[in-house]
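Letters A, B and C mark the chains in the order given here, with residues in each chain numbered from 1 onward.
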Amino acid sequence: MQRRRATAGRVWKQFRSSRQGMIGLGVLALFVLMALAAPLLADVRELNPVYARGAGNPQWGTPGQFPPLGTDHIRRSVWAQFVWGSRVSLFVGLAATILTIAIGSVVGIVSGFVGGKVDGFLMRITEWFLVIPFLPLAIVLASVLGRNVWNIIFVIGITSWPSTARLVRAQVLTVKQRLFVDRARSLGASGGHIVSHHILPNVMGLILANATLAVPISILAETTLSFLGLGDPSAASWGKTLEEAFVNGAITRNAWWYFLPAGLGILAVVLAFTLIGRTLEEIANPRLSRGR
Amino acid sequence: MTEPMLSVRDLTVTYHGHGGAVPAVRGVSLELEKGGSLGLAGESGCGKSTMANSLLRLLPAGTEVTGQITLDGQDVLGLTPGGLRAVRWTSGAIVFQGALHALNPVQTVGDQIAEPMLVHETAKNEAAARTRVVDLLRRVGLPAARADAFPHQLSGGQRQRVLIAMALACEPHLLIADEPTTALDLMVQAQVLALLDDLKQERDLTLLFITHDLSVLTYACQRLAVMYAGRIVEEGPAWAVFESPSHPYTRALAAAFPTIGDRVSRMSPSGLGGDPPTPGQLPEGCPFHPRCPLAHDACLVAEPDLRASSQGGRAACILV
Amino acid sequence: MSSWRLVATQPQTSGSDLLTIERTERGRGRFITRKVLGSVLTLVFVLVFNFFLFRVVQTDPIGSLFRGRNIPAERLEELRASFGLDQPMSTQFVYYLRETAQLNFGISYQSRRPVWDEIQSRIPATLALVGISSLLSAVIGTIGGIIAAWRRNTWKDHTITSSTMVFYSMPDFWLGMILLVLFAVVLGWFPVGGIVDAGSTETGIALLLDQLHHLFLPALTLTLAYLGEYTLVTRSSLLDVMGEDYLTVARAKGLRDVVVRNRHAVPNALLPVVTLTAINFGFVLSGAIAVEAVFSWPGLGKATADAIRGPDLPMLQGLFLLFSAAVIVFNLIADLTYGWLDPRVEQT
């Protein structure tokens, strides 16, 4: 435990010195704060078209007419959608990633540690998933399961775990080859003990870096699925905003204020996670930074 | 007196990387007569490969090089890029260490040998180059069919021979062999050394042989120079340096590598403990003093210069 | 003193040369067979998956098909029997395999026409869009990656890397929306959607030009969106190669820097890029779904987007099969191409 705390401290110090890492972290913190502080930043009632009509909001109001970001086709505040949408996008992105990492890590560790037929079987499944194109599979599953947030999280998680599994397995195999695992075994340590005390600590860093890079993938996946109409109608994410903008003619009306913010939000959050992920990767594997 | 084939004066090479300035070579001077052979020995990190690479200006961009290098009458450090490219491989060529990485994996071995011939126009066309490639391969003891092989299809010894054939492609005057026998097993080492010796006689080559294995050098070279921490610490006629070394470091090196085939010397233990110093962090005074069995207080004061030793060579030790 | 010289005079025997060549040829054949069989197996798994997934949902395909129409119950039963829906699962699966082999994917809920007909008519449009975009992004991205790696850490590198990363981090369809608003709505240089102008009766060259005019913005969108991957992979691959000794050797031979880069560094670096291009093509086929929707491009992607609205399950099933098959086929092509290009790949 002492050693882990020391390692975490060392990692943070290195992270702090990286400009790209700190920018990423800063941007992410901003959006997380916005998501958490949503009730303070935008009135949730503005998301209700009945309320919006009653309040006398304009239809397709420009940001000039209805600051700060105008209104949509049913008079709802775009700013409110942006603020409240961030909650859904971030939540789904994170939850789906947790699911992905959980499944992927377990499969990877079991596959790498146990080896043999189990490994062969699990790897077959992993490779199968990797070959199947993500979007059609996700569409098929989402169509079959129905449109709600948990299904989307499930669909993204169930389609994204293979690459994590492969990475984790490779790392576990490397660790397994190291002498101290054999020594622990010969001392009579059980499999479980070896996994938790030797394998996990060495794999954790990789999993963390991979998770950080998996979040943007999940967020983009949710965005695309929502845009295609598979999102949860009652939990409007940024992707849903984009769908509604498109379907209701924001393009032909040049209602740029409707679809620009949501997309920019996604872009910012994805870039933030990517920068953080790359920084973590460089810390974990210093050879990478020399090449970059 | 004819001009020497290679003349190096006060060469310093400083790398500039993430870790700051690293002086890999600190004031090396040497001379090679035409047709002569000089062995350069030392442990890894002493700067001998850096020295070899600097002779053809193959160091990474941003490396600081001062001093003077005269090869075949040309001032290497003062050459224009075009002039430098013309000198490379024709005046001097390097036989690199034959690890798999010295050859392009996706090109046949024959193409790689022929390439400099076509670039420098030593062969008029591809057909002429092909003929010369086959000749060279035969000369180094490989069948002509090997020309169409890829590097990974050859054994370590075969790859080393290819590198020798490649180095000879443009008939250079100076041949620099950088650790050509390291990582080869003893039998193959012997074959490669014999080959180099034959080629040297045949083509009147000037040879600069670099290695960490002192005993190999005594067969291949007339003169020997020993490097430590970026400087030459002893040099002289090969037999003299090897059999009666003046510098304590040379003595330790010589003891560490028994004569090939001499069972008696293999039995005696070598005594050099510790590690060679990191180039950026040299000790005070003589850089060898931490590992030297004869170190005094006086050794910490200043780094000794090369001074004449008893056997007709020079050594950088205050005890000489 | 000369003991080792005696050893050296023994000749090199290499009668094993012929054997090595023979082994190589056989090894290569085995390599191809293994890869093809692997792909077929994966395809079979996809079929199984497809079958079971949709059977789970389509509890009553006949009922769904004729939803809203006034069909007597006995007639529906007849139809069910004719489709073999009263048979056990295993028989249904065999039936399904047979039908699939004959390209019979059922009837679309939305259009009532055979699924395969609908899919088939959409293929050319998607091939054109995805083909051109893949080619452009591969070429531009690779060149960008080469420059970025060779001039590592200079402003060129940073500009290229940053801009491609930005494009890669945005939803591709959102980029499409921006381009559409900017160039079609505001500037009016390009049409807002479709593949030809509505009500157009053009033929021949005029038709082609009109189609290209419509193709421009969606192709630009996909190209920009997928540039990043090529740039990143090429740059990374070239950086790895740049550390290799054989580049120093090439310089030592007197070659010019550009020649060293193009003749020695790049071919080695391009191996993974070639594989990536082939694999990508398979994936981009299905990745263009959202972009086609934005531009109303009448291809497989738009068909998928429309089918989702139903949900037109037979269409989705057929499309899923096609997309998966495409990826499997292009993965196989990529594997075989790599095996052919890299001389180090030869043994089983």
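The rule is simple: a residue touches a chain if its C-beta (ideal position, glycine included) is under 8 Å from a C-beta of that chain, and two chains touch if they have at least 3 such contacts.
Computed from a predicted structure; not experimentally measured.
Q: Among the chains here, which has the CA centroid at the largest distance from subunit A's centroid?
A: B
Q: My parser should flag the chain pair with the most contacts; which pair should that be?
A: A-C
Q: Roughly how far is subunit B from subunit C, centre to centre by C-alpha average, rounded to an integer in Å?
A: Whole-Å distance between the two chain centres: 51.
Q: Using mean C-alpha positions as chain centres, tell me how far subunit A is from subunit C in Å, no decimals.
A: Roughly 24 Å separates the two chain centres.
Q: Would you kindly tell me how far, in whole Å, the mean C-alpha position of subunit B lies from that of subunit A?
A: 54
Q: Looking at the complex, which residues from subunit A come into contact with subunit C?
A: Spelled out, the residues of subunit A in touch with subunit C are 127-128, 131-137, 139-141, 143-144, 216, 220, 223-224, 227-230, 239, 242, 245-246, 251-252, 254, 256, 259-260, 262-263, 266-267, 270-271, 274, 291-292.
Q: Mind listing the subunit C positions that touch subunit B in their complex?
A: Going through subunit C, the ones touching subunit B are 1, 3-5, 7-9, 11-12, 14, 17, 20, 244-246, 248-256, 264, 267-268, 271, 341-344.
Q: Would you pull the subunit C residues touching subunit A in the complex into a rising list?
A: 42, 45-46, 53-54, 56-57, 152-153, 165-166, 169-171, 173-174, 177-178, 180-181, 185-186, 192, 236, 239-240, 243, 282-283, 285-287, 289-290, 293-294, 304-305, 308-309, 311, 313, 316-317, 319-320, 323-324, 326-328, 331
Q: Which part of subunit B faces subunit C closely enough to touch in the complex?
A: Per the touch definition, subunit B meets subunit C at residues 53, 56, 58, 85-90, 93-94, 96, 99, 101-107, 115-116, 119-120, 141-143, 145-146, 150, 152-153, 187, 189-191, 193-195, 219, 260-261.
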